[in-house]
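Dropping the structures in below, format is structure tokens.
You will see chain A twice below: alongside chain B first, and alongside chain C after that.
On to the complex of A and B.
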């Protein structure tokens, strides 16, 4: 098996008495698109927060290229080359689209941290990549929801990540916009970035992911090739109810 | 077929920049119990929001008992006969159970509010000796009873319940479903949003399946129970 770029070992995170994540382990080799799904409240965003340093772990370890990064501050994790987006996008409202993207290039991974002029060149590149080049000069407040999601990806890509964590960048998009967003993910992936993405839209999981992992109540319910995982009885149970799964299973 | 109680045509609605629902057609007949199912983010709660005046339509119509209620305000919806039991109950936690129930009748000026309170307590006898308690101190199942009871206190023609079983133990859900059926037998039409597909389809006469803001399947509950399209709407395969 190829060496993992990202590996989680028995990651546990509690809030009060509740284990939001309970011994989650998986690994992602470089170049993969790895999907994480699960019903609401399964712990998906908590998982991204544990990888990107927003939360401290209560147990287990996160390894980046074989070395532990658990406990590092978010900006240090970003500097290693792990970029992320947030489910609720919060661009800098007083700035243009281009300026927002440039921020990622100014304060990104070690390879980014560009001086201002190059940061703006980098911003132009990534806006081209996500399909926002034509709107670079607009104030960010003029963007539609789908475009704000694109900008969120652009800001993360501008940090020059080697691994990109995407938190529901397709949520709330219509089918046509989902197709466009899929193209964007493929385009970013084609630049050599490993991708871990959280999605509710199953078409996305089947459409772009090499592997998928299903979280349920903070535990790994199933992991494998997306189509196989989505036909797993335990997964049907988690999404449609236990009795429905039993009826389907015959 | 007789004129439906609720008739929704081409309903398109959403928040901010983009629609969440695209051209929804849906009907509920007098006295019918209809299930609305679909995965997270399919648009179920948004649809209930649009039917209770909380979410604006950008296209389409909502007709209740022959009256055009398209983009009517929430209080007008309640007055016209649509009551909404929101996801997560949304009770007034520091207020007594009795006050919570009576608030459901806030718009009513008739003299039968007390009688209806008795009727609600008939459906939910467990609440009878808890009327003075603060709503937040009740169990999850009891809170759901208060939320449904509050909806009934508006004396609706159509009662919409969002996520009846959310966070509740199977036994409690069974009991609530029984009561929902009783309420329905009493003549109130119901639109039931429910995460557990079989719970919904066993309770309902008919169902609609939403996926990404569109109705992808509809039909009798028996038909939907055996339709592989339901699973596909949730899991894509």
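On to the complex of A and C.
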């Protein structure tokens, strides 16, 4: 097996008495698209926060290319080449679309760190990649929700990550927009970025993921090839519920 | 929401305003730099008319001082979005650093002056680390606390019964003996103002500036994109402190006498913030415009200008009160109707119109 790019070992995070994550372990080899699914409150976003340094772990370890990165501040995690998006978009509201992306290029992974002029060129490339090139000069407040999600991805991609953590970039999008977003994810992946993707939309997991993991009450319920995982009886019961079970049956 | 001025493409109308504004600014600047020179002995004996008397020198120097204070505050309050209410502490520390070195250690002014910003910046870095962990109102109140506390400590700290920093009597500095003192201090303060604007200009074009604005807009997003938020905030705070401290240092020698009252006045905090807001916080020239306009207004209202308003129903001792009332009203109107500052009309994206005011009102109402 290829050496893991990202590895989690028994990661635990508690809020008061509640264990949001309880001994979560998995590993992602370079170049993969790794999907994480789970019902609301399963701990998916908490997991991303633990990887990106927003939260401190209560137990376990996060390894990046074999070395522990647990407890590092978010900006130091970003400097390693781990980019992320937020489920609730957090654009820099006073800036234009282009400037938002440029901030990613100005900071981010240590080798990216471009001076302002090149950062704006990089921003233009990235906006092209996510399909926002035509809206570069607009203030972010003029963007629709799907476009804001794209911008969220653009900013993260501009940091030149080697691993990109996407937090529900397709939630709330209609089927056509999901297809466009899928294309965007594939385009980003094609530039050589490993992707960890949190999603609610089944089609996404089956459509683009090489591997999927199901999180339930902070524990790993199942892990494996997406189609196999989604047919797992426990997964159908715990997460997908009766309706999906009926669909599977019918 | 504040807008980063350096980034906006002005509209056609805005561009016309900007051109007019820059031209006017250039003329005023040229006059401001050249007119005082007519007080030089050489020019006087050559028969030049004196364009600036002592009072105007004083007013112009003080205006430049407020340009420094408002523009320096802008680095923290405008760019980084942390409403610092205690910047006067850095002014006082700068003044006392200069005061102590000159009056007690008998250092020459130009050796003591560089240490004023250093002392203020060091203090800001020290208190900035815990203070800047706070956000919003908490930061504002805590910074105000620091602003008040520093002045009290400096006035009251004693060693074996004698006040270390001159106590409530304050410090008297030996008069800086040089020809054309007014001119020297005027140019020193204008130099400090130019330095502050120049520093802001550089910051706005740098990675540092983008990082600060990113922090203002969304600190968490900035952090995961690789901005070292703590270091950036403390650096901005220390930079603002250094510039404010420089103004304090110049003030100490210019005024010859310093005490808690004249270098730690709480109202300076409010005034510098108001100046930055009225002009346009987060912009390059907003705080400058706000400082010039508001300082003149304050002086005019309190009757310190040679031209003053004489209202029959207004006793002269009520003027400072009137000044306060008008400043309060101005703050209200600015925050509600012109949240981006008046500089927004001069080369910004907007034009002053009834629609603009209505839109602002909608944006700022809850």
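Convention: the second predicted complex is superposed on the first by the 239 of 250 C-alpha atoms of A that agree within 3 Å, B and C clash if a C-alpha of one lies under 4 Å from a C-alpha of the other, contacts with A are read in each partner's own complex, and residues count from 1 in each chain.
By definition in this document, a contact is a pair of C-beta atoms (placed from the backbone, for glycine too) under 8 Å apart; a residue touches a chain by one contact, two chains touch by 3 or more.
Everything quoted here is computed from the prediction, not taken from an experiment.
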- Clash or fit: how do chain B and chain C relate after the overlay on chain A? fit
- Query: Considering only C-alpha centres, what angle arises at chain A between the directions to chain B and chain C, nearest 10 degrees?
  - Reply: 100
- Query: Is A:138 touching the first partner chain B, the second partner chain C, both, or neither of them?
  - Reply: neither
- Given the touch rule stated above, what does A:4 touch, chain B (first), chain C (second), both, or neither? neither
- Query: Is A:159 in contact with chain B, with chain C, with both, or with neither (first, second, both, neither)?
  - Reply: second
- Partner chain(s) touched by A:172 [first = chain B, second = chain C, both, neither]: first
- Task: Have a look at where A:94 lands relative to chain B and chain C in the superposition and call it first, second, both or neither.
- Result: second
- Query: Once the shared chain is lined up, is A:54 touching chain B (first), chain C (second), both, or neither of them?
  - Reply: second
- Message: Contact-wise, after the overlay, does A:39 reach chain B, chain C, both or neither (first, second, both, neither)?
- Response: first
- Give me, in Å and rounded to a whole number, the least C-alpha distance separating chain B from chain C in the superposition. 17
- Residues on chain A touched by both chain B and chain C none
- Query: Can you list the chain B residues touching chain A in their complex?
  - Reply: 16-20, 22, 39-41, 195-199, 212-213, 225, 230-231, 234-237
- Residues on chain C engaged by chain A in the complex (per definition of touch): 1-4, 7, 9, 205-207, 210-211, 213-214, 216-218, 220-230, 282
- Note on the structure: Touching chain C in the complex, chain A uses residues 52-54, 73-75, 77-79, 83-84, 86, 90-96, 99, 102-104, 106-109, 115-116, 119, 137, 155-156, 159
- Note on the structure: Residue set of chain A touching chain B in the complex reads 39-40, 144-146, 171-175, 177-178, 200-203, 205-206, 227, 230-231, 235-236, 239-241, 243-244, 247-248
